[in-house]
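Below, chain A partners chain B and then partners chain C, in two separate complexes.
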Partner chain A sequence: MTASAVPALKMQRRSLYPGWFYAPAAVVYSVLFLAPTFASLYFSLTRWTLFDATFIGLDNFAQFFREPFLIQGLVNTVIYAVITSGLKVVIGMMLAVMLTSQIMARGYLRSVIFFPVLVSTIGVGMTFTVLMHPTLGMINQTLAMIGIQGPGWLVDPKLALFSVALVDVWKGVGLATVIYIAGLVAIPKDYYEAARIDGATKLQNFFYVTLPLSRPATATVITLSFIGGLRTFDLIWAMTKGGPGFASDTVASVIYKQYQAGFYGLSTAGNVVLFILIAVLVVPLTMFLNRKQGHE
Partner chain B sequence: MAGLELKNIQKTYGKVEVIKGVDLTIEDGEFVVFVGPSGCGKSTLLRMIAGLEDITGGELYIGDKLCNAVEPRDRSIAMVFQSYALYPHMTVYDNVGFGLKLAKTPKDVRDQKIREAARILKMEHLLDRKPGQLSGGQRQRVAIGRAIVRKPEVFLFDEPLSNLDAALRVDTRMEIAKLHADLGATMIYVTHDQVEAMTLADKIVVLDAGVVQQVGSPIELYQRPTNLFVAGFIGSPKMNFVEVTVEVVDGDSITVSSKDVASLRVPATSAGVKVGDKLTLGIRPHDLVPANNGAIVGRVSLVERLGNETIVNLELSSGAAWLAVLEGDQPLRVGESLALAAEPAKAILFDKDGKSLLAPLS
Partner chain C sequence: MTKTKLFALTGASLLGLMMTANAVNAQQSGYLSFLIDNGPQSVAVAEAWVAAYTAKNPDVTIDIEVRPGGGEGDNIVKTRLATGAMADVFFYNSGSLFQAINPVQNLLPVTNEPWQAGIQDSFKSVVSAGGEVYGTPFAPAMGGGIFYNKPIYEELGLEIPKTWDEFMANNEKIKAAGKTAVIQTYGETWTSQLFVLADFYNVLTEVPDFAEKFTAGEAKFATTPAAVRGFEKLQEVYEAGFLNADFGAATYPDGIRMVATGEGAHYPMLTFGIGAIAETVPDHLQDVGFFAQPGDDAATNGLTTWMPDSVYIAKTTAAPDLAKDFVGFIGSPEGCDIRNEAVGATGPYMIAGCELPADVPPAVADMLPYFQEGGHNGPALEFLSPIKGPALEQITVEVGSGIRQAADGAALYDEDVRKQAQQLGLAGW
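So, the complex of A and B:
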């Protein structure tokens, strides 16, 4: 045996053994993700019921993009995702800065901020639907007490989507805050001390130290909340069912309505479109957010 | 440039007293090293001077200004951190110029100062890099650059070499010494490495448990330690100690002996010492020489032959472990008996409280 053959043989033996450790995960991934994905890709090209499927090529996709309210759903989805992830980043960061500084009842306040994350989305949706009622809701009644006539939060077509997005932010900002807190406490205090000696004010500390050094946390929050926003369905359904009219419809709620109406092929095509939409927006976004910065 | 004056400086965390009344004068342009074991309070004291820790009691003057309540940025200090604390998202150029930027220094002046600091530290070629792309030694240099660019009156170094490998540590140590000579600024340097302290300092402050044990020049601390702690801490390898009994007390010397040491007459102040008292004898490993009729006899337990010198571990008959550093290569064997003599003038006696009984300098 030559000297070079020995390592080659070892490599071969080594490469097979760890493969068995991948196998269980690979099976689960194939059954739960790959198979349904490819099956839905196929079914999106058919007109199907529970009992048979007729191949119709790209007709479902053609019909999907012909419907004007579906396009509005697509636009709404992107608006919703941008608003919710943007607000979660800004508010989450502000809350995390507050909850990592020396304030009273810090531990208690951290729990309070996180609490909405634990509550059922449907429950939150129903509660806020009541709170946002144009005449009887507590929000508008409170506004009325100080002489302001509150808007029709969920009944005004121009406002409904934004109202639901606000509720989504209220419910989800706790998670963003927790991610930011983890990011902020990981920043070595030497950086702040060095900045302090250099004469940095609190605001300069934030912009020159905290903000750039919490970029990994920002990337995580943006990615998670943006994907969450693009897929949103339950809160929209619980609060407006896509209404008034189609004003707050998102891709997911449109898909659900088509499914309810028995257009299985069309709704499957909608799912494929949503999948591609998420991939097209999120992949470059995460590549941008996670680009190398010369960090250690 | 400015000197410093510490008057009865104290620091407590709750009920724990960390710094117990430190009085210290640091002259303008002096290189002072705070040295001591982990937890002795040396870094806390430095951070109090920097303004990063509140001063619980006492007064701190930088120059003529009482600085107890002065913000760090207004103390005219710069600090080099153990971790370097270089901002990973900024280039070397921006890191060095950060303090100037905050001070709203005009861009062209800033640029000139950054390039001047880079020239002094020979790091012009690194200015566009980020800290993640630098070696440990280069980062260290950038951290020093960030300090010198602000032209502070006092430089503070918090164990700046402890993250470097041994060879680089020696090089950087020499660079810091050269920097001090070039800038002539007051520098306060914290380390637990007494070799760094001995080589860099004009004045060493030895701390233990929040109390200053001795202040003096490196040679003074080496030759005339005031107590057992300083004697044991300064010098490498550390001083050998053994308990002895007083045989004879003269005016300017004490003759002692023990199971391990045949009669040895040591120059010492003898006030309050009487025959039969128990004292501690300290002799540095470098002050021992092989001699057939030497006063100290032990069994060789380990021999480290370094070529230019031989480090011998000895076990004395009482069981005490001693070290001797002998000149040249000594062909000794483990297990053999070795007799050593010590020049009495270099031996030091300590009383039962650990205070040295050094004879006053003539």
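So, the complex of A and C:
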């Protein structure tokens, strides 16, 4: 009995193709991903000038955590990720509901909403830097016309991070909307029919049918935008370079500045820290979101 | 046996001599790449040099490659050197930044080349490492100080300030007249460092051995009152409300335009800005003057000077002789003349035989006395010490826009400097 079960199991596991078919992919993966990853673990323990590397143990990590604005950078990173992914969920959902209902020029509006996703981040950053100029920018000049003295969007240390986050939402909300549209369209019409027979209002329709049944889409949007927010760099760099001073620094911009200054070992250590940070925050988050999904 | 050897040796050296003679007299041929930064000045000069050189040597092709300036440019230079992909001839800073690109390993020494005889020792000292000279001046020497708008000074009847208090009194009058007294342009963060860096002559008059002690890790900015003064000056102009409304977002070209056209009265900057004024607002070139950043004592008033940037030859070049010939051309009086013609005169040259034209712009004329007999000047810290902290420009933006107090900023800078010293492997850190 047992003896016959074993070969049967083996038969099942045997793949149609020989194992070495995986070899090319494995080589590419090891050379382009595994080797640099392990090399960076080593270099994070050295003082590295690109020309030579001296082993210094964990000093880089100690130094990285002593960076005057690292803690601020960590807090900023999390604030930025929470704001952008939160707003993308809320606004993306609202837009998706609007764009799946019967409205005029629906196809046109869908493409308008999606358009910013297609534009280069650096281009968006530079454009908004001009628009947000404290005295000459179009935003503040428009505000001035109706008698409001606009704030220094990017030069006020209290505002800079939020201004960049808003631009990030403007640029990224199209993608969230598209994911939500796909999620909403997939909800069977029967539920809405049943709700209508029960006499549900539009609001009840949304809160008791649409919202719970679009949870898979919500999980995707949150995960994608949260990871994106944690590693955000290009938009911040294009708009404020972490400034004024260190006010809108995120972990990624702190790392880049170390790299720029020629502290290659230190910046590699920073990347290891960022890697761990993302893993620590995102793995439990996805597990939580997916578990909920399983209950459906 | 010995005879044959001797004969062979003589033959070889004769051949060598003939080849050298060839290299000097005959026209050059071959290909060079020349990497410069993307400033309009640098591009204009490089193009003029290449045009003149290739006119003399029609068989030579020189490609100009352009890279960004600032930290991004540092990165490109370091990465290309480390990967062996550097252009044959390239432009880069002298002083502390030069020390950070590992010259002994990466650059071709030019110590004994003929044109080096005409170059001033003070310049050679900031492009030397391990006993060899690697650089040739790209530009004239510079001063770090304050540009001022002459029409505003005439209109309000102001005198050139010799002390910081006089400077602040002038600012007060300019502000009272409803004008912007001090222009700052933190939209480009590097411009925020001037009040600190250009104050270094004043530091030296009070603490003559600051640079040595600083390099050794014994003197700190935060604990040296004379060194904190630069940060305090930055804070004072902000707190007095002297700055332009958009100081946080304005850029270097804005600052240049504003001081030239009288939108603001003072702009702390390096004198290479004169070239930018000549380029972008030539009609106002005569309206801009220059003075050294004042200290606390009128008797010791003097200028903090910057050595010019330099051209280097990468060790990986395939055409070392041609590269040397071209660099020698740049470092000759002929090279200076071409420069004067292309972008105008911006300061005294470090090359013997290089003359300034008679009609220099007023800001240059204002600078020259500091370099002549009886004038006082001293080099900026980055030419006396290999250490310059990379975060200074962020810290000075903070101090200069009221986010951080001067003393705190100086202390933070000391932290930043420690990292750089460790990276360079200096003793005592």
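Just so we're on the same page, the second predicted complex is superposed on the first by the 270 of 296 C-alpha atoms of A that agree within 3 Å, B and C clash if a C-alpha of one lies under 4 Å from a C-alpha of the other, contacts with A are read in each partner's own complex, and residues count from 1 in each chain.
The rule is simple: a contact is a pair of C-beta atoms (placed from the backbone, for glycine too) under 8 Å apart; a residue touches a chain by one contact, two chains touch by 3 or more.
Bear in mind that the values here come from a model prediction, so they are computed numbers and not experimental data.
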Superposition on chain A - do chain B and chain C clash or fit: fit
Partner chain in contact with A:200 - chain B first, chain C second, else both or neither: first
Which of chain B and chain C A:208 touches, first, second, both or neither: first
Chain B versus chain C as contact partner of A:149, first or second or both or neither: neither
Of chain C and chain B, partner touching more chain A residues: C
Partner chain in contact with A:49 - chain B first, chain C second, else both or neither: second
Partner chain(s) touched by A:190 [first = chain B, second = chain C, both, neither]: first
First (chain B), second (chain C), both or neither touched by A:68: second
Touched partner set for A:266, first chain B, second chain C, both or neither: second
Spatial angle chain C-chain A-chain B, Cα centroids [nearest 10 degrees]: 160
Chain B and chain C, minimum CA distance [Å, superposed model]: 51
Chain A-touching residues of chain C, taken from the complex the two chains share: 71-72, 74-75, 78-79, 81-82, 100, 102, 105-106, 186, 189, 245-246, 248-249, 390-391, 394-395, 397-398, 401, 403-404, 412, 415, 419-420, 422-423, 425
Residue ranges of chain A in contact with chain B within the complex: 188, 190-191, 193-200, 204, 208-209, 212-213, 215, 293-296
Residue ranges of chain A touching chain C (in the complex, touch as defined): 47, 49-51, 54, 63, 66, 68, 133-136, 152, 154-157, 241-247, 257, 259-263, 266
Chain A-touching residues of chain B, taken from the complex the two chains share: 50-52, 71-73, 77-79, 81-83, 85, 87-89, 98-99, 102-103, 129-133, 146, 150
